[in-house]
Every structure is written in structure tokens, then in C-alpha cells.
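So, here come the structures, one by one.
Next, two complexes with chain A in common: one pairs it with chain B, the other with chain C.
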Partner chain A sequence: MKKGEMLTGFKTMFKHPYRRAAEWKRITGKKVIGCVPMYFPDEMVHAAGALPVALFGSGEPISHADAHLMTNACDQVRSTFDSLLKGHYDFMDGVAALHVCDQVRFFIEVWQLDRPFPFFHQMWRPFKMDGSTRPFLLKELERLKSSLEKLTGNQITPQALRESIESYNESRLLIRAMNDIRSRRPGILGAADTARIIAAGMLMPIEENITLMKQLISVLEREAIDGSERTRIVVAGHPCAVPDADLLDMLENYGLSVIDDDLFSGGRRCATDVILENDPVEALADSYMNALPCTTHHFPSAWMKSGDDHSPYSDHVIEMVRKGNAEAVVILRMMYCDPFDLEFVFLKKRLEEEGIPFLPLVTQHGPVPLESLRTRVQAFAERLKTHL
Partner chain B sequence: MNQRLEAQHRLGGLIQKHYGRAREIERTREQPIAWASTGAPNEILWAMGFFVQFPEAYAATCGARHAAHAHCAVTEARGYERHLCTYCRNSIGASLAEMEGTGAFEPLARPDFLLVSNNSCILITKWWEHLSHYWKIPMINIDSPLVVPGMDRGDIIGHVKRQCIDLIQFLEDFTKKRFDHDRMKEIVENGKRSADGYRGMLDASRHDPVPASFFDLIGHNFPNLVLRYDPASAEHYEQMKTELDMRIAGGVAAAPGMKYRLYWDGVPYWFAIRNLYEKLRNFGMSLVTSTYFEVFAFENLDPSHPLDSVAENTAMFYLNRSVGYKTETTERIFRDFHLDGGVFAYASSCKPFSISMHYIADTVRKKLGAPVTIIEGDLVDETFYDEERNNTKLQALAEALAAKRK
Partner chain C sequence: MIVAGLDIGSTTTKAVILGFGQGFGGFYSDSMKPTGIDMPSVSKEVIGEAAGKVRLSFNDIERIVSTGYGRISVPFRTREMTEITCNATGVRKLYPQATLAVDIGGQDSKVIKMDASGRILAFAMNDRCAAGTGQFLEGAARTLGVSIDDLAKISRESKRKITMNSTCAVFAQTEIVSLITGRAKTEDIAAAVHEAVANRVYGLIRSVNPEPAAQIVMTGGVARNAAVVGSLERMLDREILVPNNPQVVTAYGAALLAEDLG
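And now, the complex of A and B:
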């Protein structure tokens, strides 16, 4: 298959996010569970013989949700709630969420009270990551395991969970390989395509995703683009949602090439594997404990010392810039995302101190009003070019 | 208006004494100073000899004294978005102003240590990270999961207790002092007595006519939050109970001639309290009580199990309970306090209080047939408040209550 055809395929999948899952359910007769981003342990759902699909909401105008939910919720939350009320998730057997932030933890229960699903599971991933909180995380993973077993009637054996983790690790490895090609040869794969490919992977069975990713990588490896003329940038932010494709295209149309990112539908998704040494549930718990710095966790050791200037998340973004030999950072800020907005203040300060140019763009639901951002993007791209 | 409760004068004295003492300690450094969140296991700090101050309570004071907007503006200039919690922005803004010597409003005494629990919201831990960053002092967060159906209560308490033990170890190192279990027991005992007194004060409002309104009682969260380690807090509530009982016996109403008993949901708009009180009174509506009081109830303290009960208090903090639990509590309060209707105060910068508000208001309306209204504003920054619009809503509520009674 040609690259163009493959990319169109991913684009179509992303445009109709639940078509494949509904079809899979029809054919297999198995359960589909909608998982609210981010960080839900999909491996566990898979090991129970069900299909986990990410709930990204949609690009449709929000017409139903605002009557129920106040308008200061982030777009990701409003848009998923809107999709729920419009019935887009009706074919699913249940919904599950990890309490990633205040908005998710308070709004998700309103879903269940308002429009009950036969299966509904809320999980706590400690906000503070250290040895004292790990035992409770293990309990939460066990609790999820038993509720999935009850739903599907399938026992999640250590072997089944181990195999699921292996599949997800393989998929993460393939995403990393794709990102590596993009970093080595900027321009070979657009940022919008990359985000769609990774997001689509969260909407289909993992086995299919692995097959498609292998095909894509072999196609990319054969293609000759070196892209050395382009300005290398890193994209950070936009915690739970897939960024608007037109916005990412616009960045690249001005000569900026995204060589790495910190998006949930991007580098964050594949950055770390679940290391299978002993018990697979323990391995999942460890993977949370060793997670990449994120605006939605608190790393106690960074804050227990006196007099330090600390922000593990900023360190992580700066490290990405250095490692990827990037010139600048574009920060996508979703309107009303509190965790990121607070983190942004630190990130901004640190990038200024490090002398790394950055462009923060606040995005809103629906077709992003590109024209209002265009001048800023253009000026930023030109400024970078003249400084190079 | 009715005669002022004697308890108001006493409360003023307690507040003044607390802040006076804070200033003194800031000067002499005879005790380490901690800033702590409302739901954190603060008994541990008191037992370790800390003088504890509360940035959330401070935000409320700044709001009531119309100083919060200026603090919030300091943060906006630094890149903090306007929609972020105004308690948080007030606190960061006041800290920055204090460090830069530009503060115009009496600040909290400078902290040595920061303790927070994400049991009120997750954002609050990030708020404390920022305090830790600017003040360059250590912080500890006590992780406390939202209590949802299916979780085991014992597991949650155990989770919090493990962290309390870590906290004690850290503080022993930090203060170079051993943790005193006897002192802890004494503090929990005082806290229990204070919490019982607080509940007694709240329960007096079940009576009709109500002896003290929601607005009369709201400031009395202070002793149970800030001073419950000290017997002075329990004494305050005990004396207050006597005063309220006398009013009940004498048939004295907080405001005579009120026709409707109302519920308040959410954080009071501190800058608009007086104004709202007048407005409601003019409509014959008396605000009686609120689930907001539950936030300061600290009801799980038990001197026979000091540490476990402190962990339980933290784990079962009202704000950390599920939407279903909060809805049931609201319904129960409507019934127990014979309430006719409700005012739900949406605070645009506080998501934890606001996201589920629509659902709770709707359930109360449907299940209990009680007229409700959702007014809009914010915690402490008055620039979010549209007085005219809210007055229209209150008037509509008064009309709905009148129509129902006909």
C-alpha cells in the first residue's frame, strides 16, 4: 500500500471514531468499553476480552452538553459529554475513567447518574506518586480487574494480562519507531497525520493497530525525504485531546516541522513501556509510578526540598527539545484545562530562562478560528528562521 | 435586623487573637509556621508544635474585605489564566505581593512548611506547588481518592494513614523533634469536642423560626477549622449553643417575619454576602443552612484512635465524596431542616463545587418538588458577579415559592 492511501485510511478512521468498534462488536459479540482519556489501563480491558476505545468527543458543535454542564469545563469534557448525550456511545457496553483531574472526576459520575451505562467504572490513580500510594493503586487495579471479570464473565489470568501488556508494548514500540523516523527526517509525516495515526490506534483492536503500524513503518522507511530545510520544533500541551488537524497543518505550512511532541495522542502515549518482570498487575502499578512527568501528577520528591526551583514537567519538555535538537516549542493550551494552565506558568518561566523560543496557542472547541492564530504563527516562524 | 448574637463578638475576639499570635510568632520564630489546606490532617501539625494558617480561609477574608481582586490581578500579570480558582490566585497573588513588598492587605504570617491534601480538589495540590515554588519551602501532599461506590472504606483510610506516618517522619526530621502521641491524643480530644459543638450549632437551625441564619453562622466555621486543637473552640460552640437555645425558647427569630426557609449550595460569594442577605430578606426568604458547613464538620475524630481517626477525617472529607453522596446529603438536609427552596451559587472558577451543581439542583427540584435557582458569580473576585442578573433570579425564586404555597 502507498503512504497516501494509508494516511487516508487513518484519517477516515479518525473521522468516524467508533465505526470500527461497533463493527467489531457486531462480528465478535464481545463488549466495547469507552475509556475517558488519559492513562486508563487499556491492557486490563483487553485481557478481559473486551475492546477499550478512547472517548475523544468529536469536532461537532456542542449542542446538548451546555444545558447540563456549566460552560467552564474544558473542551474535552464538554465534547465527550455532548457525544454521550447525542447517543454516539450508545452502542458501548460501558464507560470507564481514571480520575485524571477534577473535571473528569466530578463530571464522569454525573454521566452515570444522568445516563446510566450497564458497566461503569471509576478508578483512582494516586495524584501523588510514591511508595506510600502504590499499595492503594494496586488495590484499584485489582478492583478494576474484578469488575471487568464480572462484566465479561472472563477471568483475567496473569497469562492473559501478560499477553495484553506485550501487545500494547509492541504497539508503543512501533509508535516510537514512527516518531523516530519523523524526528530523523522532518516532513516525512505531518503532525496532524501523526496525531491521527496514534489516536486511531486507540479506537481499534490493538492487533489491527500493530499490523497497520508495521505496514506504515515499512512504507516510511522506503520513502526518501530528508527535510533538513525545515525548522525543528516540539509540540507540548493539549493534555487529553487530539489537537485540531488544521492547526497542526498550519504550523507545518509555515516551515515548522514537529519532530517530537508531548501529546497524549503522540509521544506521551508511547514513551514508556510496562516492564514485565513479575506479576503483571504489579507491573502496571509500576508503570504508573514511573510515568513521565505530567501536569496531572504530583512528584513528591521534587517538592520536599527547600529552596529549589522545581518543575518536573518543564524539565521533561526542555529535555525533549534538547534531545530532539529542536529550535522551539509550540504549546497548545486547551481552554479551561486547569492542570495545564497552572503548569504553563512554570513552563513559560523555565523556557524563558533556558532561552528556548516558544509560542503558546489557546485552542477552543470546534474548528479552531485559525485566522486569529495565523499572524502569530507566521511571525513566530519568521522569527525562528531569521535567528537560525 | 435582629440583635447581634453575643457569639459574633466572641468570634471576632478569637479571630483577632489568632492573627495577632501569628504576627508575634512570625517575629519571634518560637514555633514553625505551616500553611495548610482545610481537609489536610492538620492535627499532626498541631501535635508537632506548628502554628497553622489556612490560605483558603485567608482568601475568604480577602474576598469579604474586597482585597481579593487586587491579589488576583497580580497573578494575571504573571500568566495565570483568569478562569483559575480565585482562592488559589488570591493566595499566590498575596504571596507575591508580600515578597515584593507591594501588598496592601494584611498578609498571612510567612510559612516554613506547606501541607495540602487533594481531598478538596486536585487543583489545590498544584496551587500548593506554586506556593512551594515561590516561598522556596517544602510541601507535602496527602493523596486522598474521591470516595466512589465500590471502593473499600478501610483501604482508603489505610492509604491516607500510610501517608500520615510518612508525614510524621518527615516532620520529625524537619523540626528535629519527636512526635508526641499524648499531645496528639489531647488535640484529637479537643477537636472531637469542638466538632460536636459545631454540629450542635448547626442543628439549632432545624428550629422554626431559625435562631441564627446561614449568614450569622458562616463565620463560625473559623474556630472548628483553625482552632479546634484548642479547648477555646469547643467552649465557643458550647456557649453559642446556650445562646441559640435561649433564642429558641424565647421564640426569637434571626429575622422576624420570614416566609420561606432556604438552602444555600456552594461557597458563599464572600464579597456579596451582605448584599445577598438584604436582598433575600426583602423577599421574605431566610437562608437557613447549607452543605457548605459539612466541609468544616471534621466529624470522624476519635481520641481512642487518634491517628486512624485523623486519617479517616481526611479520607472522608465532604468535598471528596461522590456526586451521589452529595446529592443524598442535600436531600437529607432539605428534609431535616424543613427547607422550602434553594439557592445554588455557581462559582465559575471552582469546578469541584460547580460541575455537579446542575445535577444536584435538578434532583432536588424533581424529587422534592422544591423551587431552586442557580445564581452565577465567583468565590472572591467580584468582577465575575452580575448583581442585576442574580437579583432577577432571586425574585423569580420568590415568585415560584409564593406560587407553590398558594
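And now, the complex of A and C:
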């Protein structure tokens, strides 16, 4: 298959996000669980014989959700809830979420009151990750395990869970390989395509994703693009949501190439593996304890080492810039995402101190009013002396 | 070489023509017109007018850099560049020490922070809202039934401080109407309107974290409004420099960049 055909395939999958999952359910007769981004342990759902699919909302204008949610709910939450009210998730058997922020917690509670699903599970993961967190997470994972067993009637054996983790690790490895090609040869894969490929992977059975990713990587390896004249940038921010494709395309049309990112539909999704040493449930718990710095959790131990205003998240972004030999950072700020807004203050300060040029863009879920952003993006590119 | 900078703003289209090189000795000319909907025709007219002032015509222009929100609408441009880059270039040519440029136009306001060498370090623009722009002032003048040119003069008579609560241009109109019905004096409302614009711009300035000792230059149509400039100076506790013809500085910067293209 050619690259173009593959990319069109991913684009179509992302445009009709739940088509494949609904078809899978029809054919297999098994359960589909909608998982609210981010960090839900898909491996556990998979090990129970069900299909975990990420709930990204849709690009459609938000028309139904605002009557049910506060107006300062983030657009990711609004769009997901809107999709629910429009019936896009009706074929699913349940909804599950990890408590990434209070907005997720509130909205899925409203969800359960408004449109109860047969299966509803909230997994608690504390914001503050300290010595008490691991035992707590173990309990939470066990609780999830038994509720999934009850729903599916399948026992989640250690062997089944181990195999699921291995599959997900393989898919993460393949995403890393793809991202690595993109970083070595900017321009080979656009940022919008990359985000769509990774997001589409969360909407299909993991085995299919692995097959597709292997094909894609072999196609990319044969492609002769080196893209060395482009300006290398890192995209940070935008927790949970898949950024607007037109916005990412616009960045690249002005000569900026995204070589690394911090997106859930990007580098964050594949950054850390679940390391299988002993018990697989413990391995999952450990993966949370070893997670990358994020705006939705924090490790006081790392934080207290260097004083109150130390931001491991900012360190992480700066490290991406340095490692990727990037010149600048574009920060996508989703409207009303308070975890990110709080961290943004530190990130901005650190980038200024480090002399790394950055462009913050406030974005919305769904079609972004591009004209209001075009001047900023073009001016930023001019500033970096590209596209002149 | 004869070059033009063309700044197609939401309200006004401005052109600056520069002549330089051997045998010329250098010349400058400018012109402006309301933008309207047919941007290419208005742009040609404005450039033609500016050219006419130095006994040239549109066809004599060798390079055109277009900027402003209509910058991509003119097929005859040599290159398009953003108003951020063009404004900073114009400001620095006029004030080589300037490190903070504040440009307030019809529908947008922007702040550009530069280092000592003129390199742009950061910029900020108003977000999807006309508060803190010329349009806000125009709407207020219309509601108050006074001309936009008189608004600043009238506000000088103000004796009683009123604070406007609305930061949105549309809601501000409603607020002005209710102030009028509440028998507030026109001059006090006018002063409050200027203060509201200055407040928004002040917020924008703060967002780029300017150096305390930055030399500040203000351009754009609103820079002609002494009341807004004065309010901002008080808030910043600093002097703000305003060039003689603040509206054409971005077009001037575009012309300078056109000169550099060679």
C-alpha cells in the first residue's frame, strides 16, 4: 500500500470514529467500552475480552451539551458530552474514566445521571502522587478488574492481562518508531496525520492497530524525504483532545515542522511502557507511578527537590526541545482546561528563562476559527525566519 | 528602486511608497482610504494615490509587501508579511531604541516586545473580541452621538469617575445606553470608555511581560486619541512615544521590508 492511501485510511477512520467499533461489536457480539481520555488502563478492558475505545467527542459544533454542563467546562468535555447526547455512543456497553481532573469527574457523573449506561466505572488516580498512591492504585485496579469481570463474564487471568499489556507495549513501541522517523526526517509525516494515526489506534482493536502501524512504518522507511530545511518545533499542551487538523496543517504550511509533541494523541500516549516483571496488575500500578510529568498529576518528591515553583512538566517540555534539536514550542491551550492553565504560568516563565521562543494559541475543540490564529502563526514563523 | 508597503487593515487601507537607490536621493509618500469590501481595487487606488503625490503611478512600483488582515487578498503583492513583523520594523526605524510596540487598529490591538537589537521576543494580540480597539471607541462615540474625533476632547471635561464593567464591546454599548438613561454626563462616559480601552491594552501589554525600562511606542489609528494614550501612560507610569502619523507605521515597515527583499 502507498503512504497516501494509508493516510487517507486513517483520516476516514478518524472522521467516523466509532464505525469500526460498532462493526466489531456486531461481528463478535462482545462489549465495547468508551474510555474517557486520558490514561485509562485499556489493557484491563482488553484482557476482559472487551474493546476499549477512546471518547474524543467529534468535530461537530456543540449544540446539545451546554444545557447540561457549566459553560466553563473544557471543550473536550463539552464535545464528548455533546456526542453522547447526539447518540454517537448509543451502541456502547459502558463508559469508564480515570479521574484526570475534576471536570472529567463531574461530567461523567452528570452523564450517569442523564443517560445511565449498563456499565459505569470511575477509576481514581490521585492528583498528588506520593508514597500512599501505589497501594491505592493497586486497589483501584483490582476494583476495575472485578467490575469488568462482572460485565463481561470473563475472568481476567494474570496471563490474559500480561498478553494484553504486551500488545499495548508493542503498539507503543511502533508509535515511538513512527515518531522517531518523523523527528529524523521532518515533513515525512504531517502533524495532523500523526495525531490522527495515533488517535485512530485508540478506536480499533489493538491487534489491527499493530498490523497497520507495521505497514505504515515500512512504507515510511522507504520514503525519500529528509526535510532538513524546515524549522523544527515541539507542540505542547492540549491534554486529552486531538488538536484541530487544519491548525496543525497551518503550522506546517508556514514552514514549521512538528518533530515531537506532548499530546495524548501523540508522544504522551507512547512514552512509557508497562514493564512486566512480576504481577501484571502491579506492573500497571507502577506505570502510573513512572508516568511522564503531566499537568494532571504531580509528584511532590520531584517538586519539593527544587523549591515551590519548580515545574517538572516544564522540564519535560524543555527536554523535548533539547533532545529533538527543536527551535521553538507551540503551546496549544484548550479553552477552560484548568490543569493546563495552572501549569502554563510556569511553562511560560521557564521557556522565557531558557530563551526558547514559544507561541501560545488558545484553541477550541472542533473547527478552530483559523483566521484569528493565522496572523499569530505566520508572525511566529517570520520571527523564526522561516517561510521568508 | 521604488517599493510600496500596503497595510490592509479591517477599517483603513494604508500605503507607503519609498524610492531609493542611485539617482533618486530617496523619497517617501503615503496615502490611506477606508478598506471596504473590494480590497484589491482599494489597494490599487491607495497605492496609485500615494504614487501620484510623487508624480508616479501604480505601474512604477517595483515591489509590494502587503500586510494587515487583507494581506493575502491582493494578487499583485510581491510578498505578504504579518503586521507584527511590519509594525516592529517600522517602529524600530523611527525609534531605534524602542523595545515595546503597541499598535491599536480598527479591530485589533497588538503588543510586540523586542530586544535591544530589535529582534521580536514575544507578541500578543487581542482574542476574538473588539474590546480595546478602535471599533470599541467608534461604537461608543456613535451611541453617545458625538464624532470619534471629538471623543477624546470631550472626555477632558470629565469630573466624575465612572467605571465601565463590560469588557465586551457589544455589552459595553448596552452599558453606555443605561448610563445615558441614568443621566450620567457624556464627558464622564467618554472618559470611562477611554479608560476601558486602555485597560484592555494594559492587560495585553502585561501578558508579554515587558521590561520595566522599555521604550514604548504606540501606533495605529487609536494612537491619535490622546485620552487613550494618556490613560495608558498613567497605568504604566511611563511616557509613550507616538509618531506624527501613527496610522501608516505598519505600511512603512512593509515598505522597508520590500526594500530589503532584493
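What we mean here is this: the second predicted complex is superposed on the first by the 377 of 388 C-alpha atoms of A that agree within 3 Å, B and C clash if a C-alpha of one lies under 4 Å from a C-alpha of the other, contacts with A are read in each partner's own complex, and residues count from 1 in each chain.
Here, a contact is a pair of C-beta atoms (placed from the backbone, for glycine too) under 8 Å apart; a residue touches a chain by one contact, two chains touch by 3 or more.
Predicted, not measured: the structure shown is a model, and the values here were computed from it.
> Putting chain B and chain C onto chain A via the overlay, clash or fit?
fit
> Residues of chain A touched: more by chain B or chain C?
When the residues of chain A touched by each partner are counted, B comes out ahead.
> Of the two partner chains, chain B (first) and chain C (second), which one does A:338 touch, if any: first, second, both, or neither?
The first partner, chain B, only.
> Looking at A:352, would you say it contacts chain B, chain C, both, or neither? Reply first, second, both or neither.
Only chain C is touched by A:352; chain B is not.
> Taking the superposition on A as described, I'd like to know which of chain B and chain C A:369 touches: first, second, both or neither.
second
> According to the stated criteria, A:382 is in contact with first (chain B), second (chain C), both, or neither; which is it?
Only chain C is touched by A:382; chain B is not.
> On the chain A superposition, what angle, as a multiple of 10 degrees, is formed at chain A by the C-alpha centres of chain B and chain C?
80
> Examine A:5 and indicate which partner it touches, taking first as chain B and second as chain C; both and neither are also allowed.
In the superposition, A:5 contacts neither chain B nor chain C.
> Rounded to the nearest Å, state the minimum C-alpha distance from chain B to chain C in the superposed three-chain model.
Minimum over all C-alpha pairs: 5 Å.
> Need the overlap of the two footprints on chain A, from chain B and from chain C, as residue ranges.
On chain A, no residue contacts both chain B in one structure and chain C in the other.
> Give every residue of chain C touching chain A within the complex, in rising order.
69, 81-85, 119-121, 123, 125, 127-128, 209
> Using the touch definition from the top, list the residues of chain A that touch chain B in their complex.
On the chain A side, the touching residues are 68-70, 72-73, 99, 101-103, 105-107, 109-110, 113-114, 121-122, 124, 126-128, 132-133, 135-136, 139-140, 143, 147, 295-296, 298, 300, 303-311, 336, 338-339, 341-346, 348.
> Which stretch or stretches of chain A touch chain C in the complex?
352, 357, 362, 369, 371-372, 375-376, 378-379, 382-383
> Can you list the residues on chain B that touch chain A in the complex?
The contact residues of chain B facing chain A are 78-81, 83-85, 88, 118, 121-123, 125-127, 129-130, 132-133, 136-143, 145-146, 148, 150-152, 155-156, 158-159, 162-163, 165-166, 170, 322-324, 327, 346, 348-349, 351-352, 354-359.
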